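For clarity, chains are labelled A, B and C in written order, and residue numbers in each chain start from 1.
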């Protein structure tokens, strides 16, 4: 069963909380006693989507596991801003080993818990898109293939932000990064073949794969909690805008995540054992320009030397997603 | 229990007696037989509780071990050669995090050219990784060192490699005394980690440390290895008390008391060297042997003490610091700094090249006469080498070296066929 | 056991790192003025009472409502709800049915017998209120709650003023009016009927009143000269509507022509229809879009079969017919005669051309300024004569029940201040919660609830109430359509979206606080606050 939004009660399940909902219908984030797994004082940039996504996800996992949770973290922004000596922001047992091995480290932890008979202790691994879709990809696939009892969470901000905004295999076409500058006849990142890691995860037939965004908290929490109720390898990719890397205002983080979903640029869905079981429908479909324009990384597509044909290609990607995942409400697809 | 068994099998049995809780396996010759045997034991339910994980790479193998060790499970893996290099990033990380992982390195050459045979290049490349490295001379010692290794690693919370010569030991059938479970249990208490990932007591392991504390962290790793210098002999003594065998320790000497010339080596070649020394002793040569068991930590004082009464030493090593010479030799020279001892380096057995007694006789006699260059390449085919050097001088595109040389040596018929 | 140095850290220790120092602007919570509240002539805290209605706490909602307006059941029927016109939700789908929820609360209060809280301690002061219309009742209510002794002197036989004598039953059932009036009287307000104040100074002196509030309604219908034969019955609309309250219903005949374009014209035409007229025709000199009557009332009248002659004036009334002249709008939009005439059959002509107030009670009172038939008052509602305040139809203003109620409240508060020798301190208005301050993504899609309407036959033949009310579930639904513009409704968004946990949730009803030690000033809370109750303020750097 997919996430069942509450349709009314003023804001329904669209807001973080809702005083009109029954206690058991409320979000983890609305709870006064939420675990704040990643605490104040971390050094993430203003408006960091990853810091937010991590708290959303790990708090939900903490809630579902009754606090019996261990996290393995890949190198990256999340690791650097949360644990610079002498201070850690994490409130749960947490380990950082390397950039490319978080899935394997998590496998080791899960194995240790199994051998010690601690079935109650659950394991998550987390990393950015670079650590997941590029350098950690081998370990990720191995963890999937063995169906190790690990929930892997990828915080997708579409680039190597920690090292200074370079291109990753999750960087969208046309986007400016430090290694795909907006110069030459085809400025920005190439229109490559793409690397859809959620689909690759599905190809492993693992029990659960989902995508989510920081703009849809309730959907995100639902997916994390659902994943935590399962055993075996599970993968959730959370779309977390990066104000710094994207050249966006710090207050636009959630809006951009919302627009990524509403344009179809980032399809939000879930899949079990390799098959899509539900999609989060677009509520108010908008053209990709609305999503692209607030981001400086796409600024070269607009203005004096505009590239409308490139915008059209991006729109075609969004349209393809919409068709493929049937993202429009029933009857509109 | 005495057994005639393969080295890998014996080591696997010893590992099993140490009650490992997580074993990560990735195939690479010549360590495969060890993890295969362990895998079978786990699958058969003979080794339990234990998780045997078939990982997708050596990098993953070490990473899984990092995770399981940090979560408080006694963790083991084995590798060699390219496999060790592929996991290097994680090797350093395990040491940096202070995780007491035990890893067998079935020593093997490093490519290119790819070569599956024994030398010490692989583990010696990791001499600065923060791991301890113990070298076994025999399969019995390999068995014993693994048991001591768990104890040592866990007491110090530092990882350790037990190095045994690939094929020469791993695939050799020898008589080995496999200890009983009671003996091992008496020697090796359950793993009590210094730090553990536990929801009851959360902590953050693996922080980013800047210039303000990085040197201290590194010094503390060094200090731990210095503690190991003290601990290793003690653990060997304790081992002797329970198992009744002299095994382990930092160094082992042979016929050294009155030796004017001391041959220094690590691993299985020590057996051949001792035979040669016996033969030379019979002819009246004052020659002895110093075997180094603990390469990391390197027992500088013990090596110096063992050598100081001699006049010269020759380090016979199965490794090459390209562009410099010996690796072990450099360490030994450090140990005898200022002593006035003459020292020679002999590089031998790279990529599994046989080291015949005849060559050693010749080498050691030259050493006694101090007729050696500082670095000697034992049994090097100078004709082939010089021919290639000449070729390269004349032609820019002189073709692949290895193939040319094989051709020169008549091993490959017509290299062009493969070109 | 001693943990490894530096590389292993204790949990949650980053709290020592006060990231608030990064900030160049800080978020602050504020209450903005919701457009509904801003538009309400009675000064209701609409968003405030809807907040309680949203959680089904109707009595609480009603109590917040009556802080400003003691007549919610009446309001919920007769108010032209400028609040709904201003409602931000109107820009999203359709405005919140504030009026219908108000009516639900008012009816609920009557049904459940909710009473007003007892007045504060007595002030020992006496205030005379002249007129028991909406303004007078409102003033009496507020004055009584402020602890003053209040006496209403009403010229007529019944309370309600124009609510009773100007608004037909089918829009305002009398039992509703009676119930709300009685609740005010239950506060200890004295109401004297048939007491026409002829001279206010004298009445105050006689009664020993410390202050007076004059709230006489506009009961005098304006006339215009229409050449007419004796046989033509020409009456004014106010008289017609007033006579509806008496024993003898007005005799208007089968064909009734109503002259005028205001709400009263509509009311009287619809009344005529219900009294059995086969034709009720409104003659209005301009076009529908220029008509002062509210469009929904025009629409309802048309549904009931009332006809309108647009762009027409009555030139002459003969026996059983009238002559109308066609008009045309000039370029400025004013109607100009065309010289084209038409004859309509008419048994009676009802003039609905506006009303005047009888200001005779003010004669001889010093300091007053009378202009265009109204008394001039200062911003505190006091006339030029100290101690005499006025409101409602008597003062220059729009003449609606809601405006009158607002005047009553405002006057009462100023009278109270005046009696204490103080001046009423009006706190500055909060900044307006405009639509662009909202993040409307977060509100559920929900179309306005349509109130039930009486079937057309009964509308044409009876004085039963035309518009039905909401039931509990529809009222709740409608209340929950409120966007709570500018006022925190505890949706937890700020608490949730802060990447730095720099928001403290204080618990139900207590809202939130910022932890400025950690707030980096990203502004996400402001951007994602649905209702615009947070704003960024630059830090002094």
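As a convention for this text, a residue touches a chain if its C-beta (ideal position, glycine included) is under 8 Å from a C-beta of that chain, and two chains touch if they have at least 3 such contacts.
Everything numeric in this text was worked out from a predicted model, so none of it was measured.
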Between A-C and B-C, more contacting C-beta pairs sit at A-C
Going by C-alpha centres, which chain is most central here? A
For the pair subunit A and subunit B, the C-alpha centroid-to-centroid distance in angstrom is 44
Centroid distance [mean C-alpha coordinates] between subunit C and subunit A, Å: 50
Rounded to the nearest Å, the gap separating the Cα centres of subunit B and subunit C is 92
Considering subunit B alone, which of its residues make contact with at least two other chains? 97, 202-207, 209, 213
Residue numbers of subunit A (touch at least two other chains): 82-83, 85-86, 88, 90-92, 94
If a residue has to touch 2 or more other chains to count, which residues of subunit C qualify? 6-7, 9-11
Once bound in the complex, which stretches of subunit A touch subunit B? 67-70, 72-73, 79-80, 82-86, 88, 90-98, 100-101, 104-117, 121, 138-139, 141-142, 145-146, 148
Interfacial residue positions of subunit B with respect to subunit A in the complex: 21-22, 24, 49-51, 53-57, 59-60, 63-73, 75, 89-90, 93, 97, 197-199, 201-210, 212-213
Touching subunit B in the complex: which residues of subunit C? 1-11
Can you list the residues on subunit C that touch subunit A in the complex? 6-7, 9-19, 22, 54-55, 441-446, 477, 480-482, 484, 489-493, 495-502, 505, 507-508, 515, 517-518, 520-524, 526-528, 530
Within their complex, subunit A touches subunit C through residues 7-12, 14-20, 27, 29-30, 32, 36, 39-44, 46-49, 51-52, 55, 82-83, 85-92, 94, 217, 243, 249-255, 258
